[in-house]
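Letters A, B, C and D mark the chains in the order given here, with residues in each chain numbered from 1 onward.
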Amino acid sequence: MAEPIHYVRDKERLLERLRKIEGQVRGIHRMVENDRYCVDILAQIAAVRSALNRVGLILLESHTRGCVARSIREDHGDEAIEELMTVLFKFIK
Amino acid sequence: MAEPIHYVRDKERLLERLRKIEGQVRGIHRMVENDRYCVDILAQIAAVRSALNRVGLILLESHTRGCVARSIREDHGDEAIEELMTVLFKFIK
Amino acid sequence: MAEPIHYVRDKERLLERLRKIEGQVRGIHRMVENDRYCVDILAQIAAVRSALNRVGLILLESHTRGCVARSIREDHGDEAIEELMTVLFKFIK
Amino acid sequence: MAEPIHYVRDKERLLERLRKIEGQVRGIHRMVENDRYCVDILAQIAAVRSALNRVGLILLESHTRGCVARSIREDHGDEAIEELMTVLFKFIK
């Protein structure tokens, strides 16, 4: 079944952020390779984690405004909300 | 001042994990590019976040066993512990 | 304005969990008072945090199934979703 | 074996914070009881979670400055650090 996609509006913004995160992870790899100071690496890891959370929140918002809202309007919102909660549980635990 | 590095023992393991994380982030980028389903992307983001936390914990352990322990033995542990807490605060908040 | 409440179905379950959490916090207070071992107290704090997250997820689900779904059906879902995201941001950061 | 306690200095501060957290949890219980708006309750839960994290960080710092540092100075730091990491893992995951 084709899934209608609702983050199109945010797509460029998301791709840009993900490219930046990929670069940050590569930077952390380089820091470890060059024996950089642990605390600096840890601060960098915390920064990437925040950036990933931000991407997750953008997607969550698009998904809720898109798929979830549409499912609710078409009166089969229950599964959509259940699915949303399952994925939220992975973020909040 | 040169910082003595204490994650040497874990270095290969860390680099391997970071390479894998970089690949996962690239995979998420591709998922967004190909308009994949939000919930699948979100699950993938949660997985990368866990993988990053794991890397953070390995570094934290190396850092505590190494730099922090040495500072304590040389009787100037206070700054090392303060620095450790500052970085922990970025992870736990 | 009266807010229609949608966690009625879960209300007893939520109150029960909150009573338990209150007891756990009181237990932690007692542990500190009695100079119990830090690591045991920390484990207890992590447990309460998980229990609170669980309550948060139950409320999130009720709220989404209730208020948010109703707002969407009545075609003014935008503010409800924005509000939902603002509160999610406090949990995932 | 009796565990020497090292958060004595912070004890009053910790007990005060825990008393406040207990009151906040009781407040959340009351909000649910009175059918208060979900989003307000969720914001309150996020606040308690932050307050608990703060208590956890104070304990972590006391524990590291106290028990862990002493163990390291007495040349049996390995178990203390391992234990510290196990409890950190419960916070960061």
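FYI, a contact is a pair of C-beta atoms (placed from the backbone, for glycine too) under 8 Å apart; a residue touches a chain by one contact, two chains touch by 3 or more.
Please read these numbers as outputs of a predicted model, since none were measured by experiment.
Contact tally for C-D versus A-C: the pair with more C-beta pairs in contact is C-D. Annotation: 18 Å between the Cα-based centres of chain A and chain B.
Centre-to-centre, using mean CA coordinates, chain A is 22 Å away from chain C.
Each chain gets a centre from the mean of its Cα atoms; for chain C and chain D, those two points are 18 Å apart.
Among the residues of chain B, those in touch with two or more other chains are 53, 56, 60, 84, 91, 93.
Chain contacts here close into one cycle, and each chain has exactly two touching partners.
By the touch criterion stated above, chain B contacts chain D in their complex at residues 50, 53, 56-57, 60-61, 64-65, 68-69, 72-73, 77-78, 81, 84-85, 88-89, 91-93. By the touch criterion stated above, chain B contacts chain A in their complex at residues 3, 5-8, 11, 14-15, 18-19, 21-22, 25-26, 28-29, 32-33, 35-39, 41-43, 45-46, 48-49, 52-53, 55-56, 59-60, 62-63, 66-67, 83-84, 87, 90-91.
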